[in-house]
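Next up: some structures, all given as C-alpha cells.
Heads up, the next two complexes both have chain A, just with different partners, chain B and then chain C.
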Partner chain A sequence: MSKKLLSGLSGILVALIIGAIVMLGQGYNPIATYGALFKYSWGGLYPLATMLKNSVPLVLTGLSASVAFASGPVNLGQPGQFLIGALFATVGGLYLDLPPVLMVPALLLLSMLGGALWSGVAALLRRLFNMDEFITTLMLNMIADFFTYWAISYPLFDRTAFSPMTPAINRAGWMPVIGQFNTSVLVMVIAFVVILFVFNRWTAGYEWRLTGQNSIFARIGGIDINKNYVTVMLVTGALAGLAGGLVLMAGPHRFLKGLGANYAWDGVMIAVVANNGLIATLLYGLFFSTLQTGALGMELITAVPSEFIQVLQAVTVLVIVAGRETIDIIVDRSVRRRKVRERTA
Partner chain B sequence: MDNLIEMRDIVKVFPPHVVALDRVTVSFKPGEIHSIVGENGAGKSTLMKVLYGLEHRDAGEIIYRGQPVAFRNPGEAIEAGIGMVHQEILLINEYKVWENVVLGQEPVNWFGKIDENRARQQVQQKIEEFQFNLNPDAVVDEISIAARQKVEILKLLYRNVSVLIMDEPTAVLTPQEIPQLFNELRRLRDNGHTILFISHHLEEVLELSDRITVMRRGKLIDTVPAAETNKAELARMMVGRDVLFTSHREERKAGEPVLDIRGLTLADANQQPRLQDIELQVRSGEIVGVAGVEGNGQFELVNTIMGLTRPTSGQILVAGEDLTGADILTRRRKIAFVPQDRGRMGASVSASITENAMMTHHRLNGRFTEWKGLLLNFRKARQYTDELVERFSVSLGSQAQPFKSLSGGNQQKLILGRELMLDSPFVLLDQPTRGLDVGSIEYVHSQILKMRENGRAVLLFSADLEELLRLADRIVVMFRGRMVADLPVETTNVEEIGYLMLEGKHRNYEQEAS
Partner chain C sequence: MNWFTGLINGMLQGATPILLSALGGTFTFYAGIFNIAMEGMMLAGAFFAVLGSYYFGSWLMGILLAILGSLLMALVFIVFAVLIGVDEFVTGIALNLFSLGATTYMLRQIFNVKGGFSDPGIVSIPRIHIPLIRDIPVLGQILSGQNLVVYLAVIATVVSAFVIFRTRFGLRLRAAGYNAASLSSSGVRTDRVRIYSLLICGVLCGLAGAFLSLGYVTLFSENMSAGRGWISLAAVILVNGNPWGIALISLLFGFTDGLGLLLQSYRIPSQFTSMVPYVATLIALFFYSIRAKKRASV
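Take a look at the complex of A and B:
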C-alpha cells in the first residue's frame, strides 16, 4: 500500500513538473498557474464542494471499470450505462410524484436499474451467443448515445427549448444541497464504501477477485464463474448508471444533449491509472476532478487555456502507468545485482 | 581439440529469489554431441537460452570460436552459427515445407519477388545433403510431428548454423521416431556440426552422446564422457544421492469402492474418441496409479472426473453418489484435487497465501464464513491458514505475501494441504511431484501414503513409473483413450508397464519367438 502511494504521489509530482516545463516553454508562469488551479479546486468551501461534486461521475464510472476489470469482464460500456441510467432517472423524475424522501432514492434506484439493464444486455449476449463483452459493450455505447438523443429530441422533448433536451424533472427528485455541498457526494461515498466492503469482505467479492486473477483456478475451486460474470456485469452497470442519475439529479436536473460529456471514458482511464485498485480509483478520481475543476479558475486568472489540463491528464496517465512498471524493473534489477554479487564474491 | 564454446562462471537470477544458474562453467567441442541432463528446474534450458541470446546472463562470459560474445537476441546467435530447436514447434501450418524453411531469408530475383525455383532447389539440396527424407512441397499441416521437427532443424541448416541446440526433442516423438532422429543427429555430427542436446531421459542420453554434462539446481555437477558412465551414476549426480526405489508400504486391506467409473466414453468435437469405455474402481485405503504416455487420455479423464468436460456416456460415482452431471462445487464435496499445473489450476499466483488457502473451503467448510456464507471472516481464515501451514510444514514469510513468493515445494505443500483439509473421501492427484526437488518429492510421497493409511481412495496420475511403483497398490495403463491393463504392483515391473504404454497390449513372447 505505502509503495503504491509513493509511486502514485511521485508520479503526480513528475507529471506536474513536466507540465511546468511545457508551460515555461510556452512562456507561462507555472507557479501562478498551479496556484490558480488548486485555489479554484481546494481553496475554500465552495471550490472544494464543486470539486467533490465534479468527482462523482469520475469516481463512480472509475469504480465500475475497476471492479469489472479486476473481476474479469472487460466492461467498457460505462458511457452507455451512464446515459441509460440518466434516462431512467429522467423518465422517473418526469412522471413520478413522490415526496423527496422517497423520490430521491426511487430515482437513484431507477438509474441503477437502467445501467444494469444496459450491461445486462451485453451479459446476455455473452451467455447466449458467446459474444465478447469487450466489443458488445462498445457497440451498446453507440446505441445508447443515439437512443437517448432520439428520446430527448422526440418523446421527451421540452417544447419550449431550442435544442434537444427534456423538461426539468420534478423538484422532489433534485439532489438536496446542504450548505455548499451537494448530497450527490454523500451517495458516492456510500456507494464507494459498500463496493469496497463487498469486494474485500464478502464471499462474493472474494470469488470475483479470484476469478479475475485466474478463472480456471476459480472454476476448479468450485466457483460458479458464469453466475459471477453476470453479477459483476450487472453491478458495474448499476454503478455507471448511478453516476448518470446523480449527474442529472445534482446538476442540470434535465437530460440535455451532451450530458455524459467524457465522464465515463475518464472513469475508465482512472481505473487503468489506479491499476483497478478501489481506493486508488477514489483518490485518482479526486485528483482528476481537481484538475478539471481547477481548469476553469486557471483560465480565468492566467492566460493558460483550459485545454492544457488535457495535456496534464495525459502526462499523468503516462507517467504513472509507465512508472509502475519501471519501479518493478528497478527493484528486480537491484535484487539481481545483489544475488550476483553474493555468487561471485 | 580446442573448445568451440566456453561458458565461464555464468550466473542468471530470476527475481525475486530464483538463482537459475549459479556460476556455471562448461565447454563444448566442435563436432560432438553433448547432452545436458538434469531434473526439471535444474537450469539446463536456461543455460542454453543464455548461450542462444534468449536470456541475458547477469555475470560470466561466453567465448565462441576464441572471441568473447554476448548475443542480444537469437538472430545474432543464428548469424554467428548457433541455432536452437525449441520443444514447441513454431512453423506456419498452412505453408509448404520449403516456404517455411526459407521464410525470413528468401532468395529473391530482380523485382524483390521470391525466386521460388531457386528457393525450392536450395531446400531440396539441403534435404538430400542430410538425407532428411522430406518432401519440400508437402504442407506442414499434413506432415507428422517428427517431420515438422526436421523442418525446424532444416530451417537452421539452411542458415548455415554449425551449433544446434535441441531442447528435449524426443518429448514430442513416438518411440519409433526417436532412433531416426538420433541417426540424423549423428549424421550431422559426422558432418562437423556440434549438437547440444537437452534431456532428462538417461537411456537416450547414454545412447546418443559423446559427452554428458549433469546439472542440479542451477549448478553444474560434472561433465563426463558417455562411454565412462552409466545410468545409476548419472541419476546419483542428478538428484544428489543414491536413488533407491524401495517401497515402504504397510500391508493393508482396501475397503469399500469410493470411486466407481462405469463405461466412461468421451468423443471430441470431431467425433474422435478420447476416452473409450473406461471402467475403474478405487477403494478406500487404496492408491491406484495411472500410467501412460502423455496424450493417451489422462488429461481428458482428469477433466471428466472434475467436471470440466461432460462425458458422452458412462457414469462417475464417488462414495455412492452419481456425479456424472453434477456441477463442480458438488463434486468438490467428495473430491480433493491436486492439479498438475500449480500456477494455472492449483492457485492464483498473485493472490495472497491466505486467499489461496481459502479456495473451495470458503464454500464447503464454514470455519471462516458468517451470515450464512455471505461474509468472510479474514481473522478466522488466517487462523485456518496457520493451521494448514503448521500441519503441512509450509515455510513462508507472511500469509499476506503473494503465492508466487513461495518456492515450488512450498507451493505444492500448500495446495496439497488445502485439498487434504477438505476431508473428502476421494483424492485425485495429477503429477503431484512434477518439477519438485527431491526433498519435497519425499514429503509429498509420505503424505500420499498417509492418505492411504487414513482410508482415503487415491487416484494418482504420474509420468514417473518409479513413483507409481513405489506408491500404488494397483497400476492401470492408458493407451489411446482405453484402459489396457490393471496390474497389481507386486507382480509387475517397469519393463512390463513400459511395453504396455507404448504398444497398448501385453508382450507376446510366444509370437516373438516364432
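Take a look at the complex of A and C:
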C-alpha cells in the first residue's frame, strides 16, 4: 500500500511539475493557476459540493472498468453503456409519474438496466459467437452514440428547443439536493461500498478476482467462468449505466447532445492508473474531478484554457504508470542483489 | 452511371485513411505489439497537417508536419511501452486520450477556436489527373483524378506486402512477434525491430491523418478521427495482418461509408447511416469468429 501511495503521489507531483513547465513556456503563472484550480474545487462548501457531484460519473465508470479488468473481461464499453443508461432514465423520467420516493429508485434501476442491456449485447456476442468484447464494446460505443443522438433529435426531441435535446424529465425524478450537496454523491458512495463488499468479501467477488488472475486455475478449481463472465459484464454495464442516469438526474435533467462528455473514457483511464484497485479508483476519481472542477475557475482567473486539464490528466496517467513500472524494476533489482549477496556470503 | 462512379469514389475516399492506418497497425501486429494507439496517431497527424498547410501555405508541409506529429506520438509510445516497459494497452489508452486533449488544447491556443478550424488559407492535397487514362470512359473517372494520398495508399499496400514477406527486415519483423526469444538468441535486437515497426506505423498514421484533414475535407475538428483507428485495428485482426486482406477489408468499410452517404439521400436519418461502418465491423467480426470456430473444430 505504501509503495502504491508513493508512486501515486510522486506521479501526481511530477505531472503537476510538467504542467507547470508547459504553462511557464506559454507565459502563464503556474502557482496562481494551480491556486485557482484548487480554490475552485476544494476551497469552501460550494466548490467541494460541486467537485463531489462531478466525481460521480468518473468514479462509477472507473469502478466499472476496474471491476471488469480485474475480473478478466476487457469491457471498454463504458461510454456506450453510460449513454444507454442515461437514455433509459430519460424515457422513464418522461413517461413515468410516481412520487419521488419511488420515482428516483425506479429511474436509477432503469439506468442500470439500460447499461446492463448494452453490455449484455457484447456478452451475448462473446458467449454465442466467441466475438472479442474488446472490439465489440468499442463498436457498440459508436452505435450507442449515434442511436442516442437520433433518439434526442427525432422521437424524444423537445419541440421548443433549437438543438437536439429532450424535454426535462418529471420533477419527481430529479435527484434531491440537501443543502448544497446533491444526493447523487450518496448513491455513488452506496454503489462503491456495495461493490467493495461484493468484490472483496463475497464468494462471487472471490471467483471474479480468481478468474481475472488465472482463468485456467479458476476453471480447474470448479468455477463456472462462463457464468461469471456474463455476470461481470452485466454488473459493470449496470455501473456505467448508473453513472449515466445519475448525471442526467443530478445535472441538466434532460438528455442533451454531449451529455456523456468524456466521462467514461476518463473512467477507463482512472481504472488504468489505479491498477484496477477499487479504493485507488475512488481516490483517483476524486483527483480527476478536482482537476476538472477547478479547470473552469482556472480559466476564469488565469486564462489558461480548461482544455489544458485533459492534457494534464493523460500526462498524469503516463507518469504514474511509468513510475510504478520503474519502481518495480528498481525494487526487483535490489531484492535480486540482496539475494545474490546472501548466497555469496 | 454517375451514381456508380460516385459510389466507387466514395468507397475509395472512405477506405484510404483506414487502409493507411491499418497498414501501420499491421507492422506492429507482426512485431508482436498490441498497438491501439493508431487513433491517437491519426488524430495528431490530422491536426499537424492543418497546422503545416495553414502556416506554410503548402500541402507538402502539411503532410510533412502530419508525419512528424504522428511520429511524436509513436515516440511517446516507444519510450513508455518499449523502453520503460509499461503495459501496451495502458500506454495506448493514455496516448489516445493525450492526443485528443493535446489537439483540442492546441486548437484553442494556436487557432483560438473551439470545436473546429476551417479557413480558406488551408491548402488541401491536390488530386492527380493522369493523362490518357482519364480519357477512358467510366474507368477514367475512377482511376484518374483521385487524391494524391489515395495513390500513396495503393503504393503503400504493395510496398508493405513486399517488405513484410520478401525482405530480411520483414522476416525479422515477423520473428519478433512469432518468437521474440529465438530472434534475440540469433543476435537481432528485438526491441529495435519493434521500434522500427512503431516508427513505420507513425508515418503511415500521419499520412492517414493528413488525408482526413487535407483530403477528405479541408478542416480540423475535435476528435475528427472518430473511431477510424479502432476500425483499422479490427481490420488488422480480421485478416491476421495480411496487407492484401487489409486492402480488401478497407474497401469494404469504405463502401459502407459511401453507402451511408447514398442512403442519406433516401431520407434515412444521418445518425443511422453514420452507424453503418461500425455495424459492418461487427458483422465482419461475426463471420471471422464463425470461420475461426469451424477451423478449430476441423
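Just so it is clear, the second predicted complex is superposed on the first by the 338 of 345 C-alpha atoms of A that agree within 3 Å, B and C clash if a C-alpha of one lies under 4 Å from a C-alpha of the other, contacts with A are read in each partner's own complex, and residues count from 1 in each chain.
Keep in mind that, in the parts below, contacts are C-beta pairs under 8 Å (C-beta built on N, C-alpha and C of every residue); 3 or more make two chains touch, one makes a residue touch a chain.
This one's a predicted model, so the numbers in the text were calculated from it and none came from an experiment.
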item	value
Partner chain(s) touched by A:331 [first = chain B, second = chain C, both, neither]	first
Which superposed partner A:340 touches (first chain B, second chain C, both, neither)	first
Touched partner set for A:202, first chain B, second chain C, both or neither	first
Touched partner set for A:210, first chain B, second chain C, both or neither	first
Contacts of A:25 with chain B and chain C, given as first, second, both or neither	neither
Chain B or chain C, by number of chain A residues touched	C
Touched partner set for A:222, first chain B, second chain C, both or neither	first
Touched partner set for A:305, first chain B, second chain C, both or neither	second
Residues of chain B that touch chain A when the two form their complex	9, 11, 13, 15-17, 19, 22-23, 58-59, 306, 308, 327-329, 332, 337, 339, 344-351, 355, 358-360, 362-364, 369, 373-376, 378
Parts of chain A lying in touch with chain B, wherever the complex brings them together	201-204, 206-207, 209-210, 213-214, 216-224, 331-332, 335-337, 339-340, 343-344
Residues of chain A touching chain C in the complex	26, 125, 129-132, 135-136, 138-143, 146-147, 149-150, 153-154, 262, 265-266, 268-269, 272, 305, 307-311, 313-315, 317-318, 321-322, 325-326, 329
Residue ranges of chain C touching chain A (in the complex, touch as defined)	76, 80, 84-87, 90-91, 93-95, 97-98, 100-102, 104-105, 107-109, 226-227, 230, 233-234, 237, 269, 271-272, 274-275, 278-279, 281-282, 285-286, 289-290, 292-293
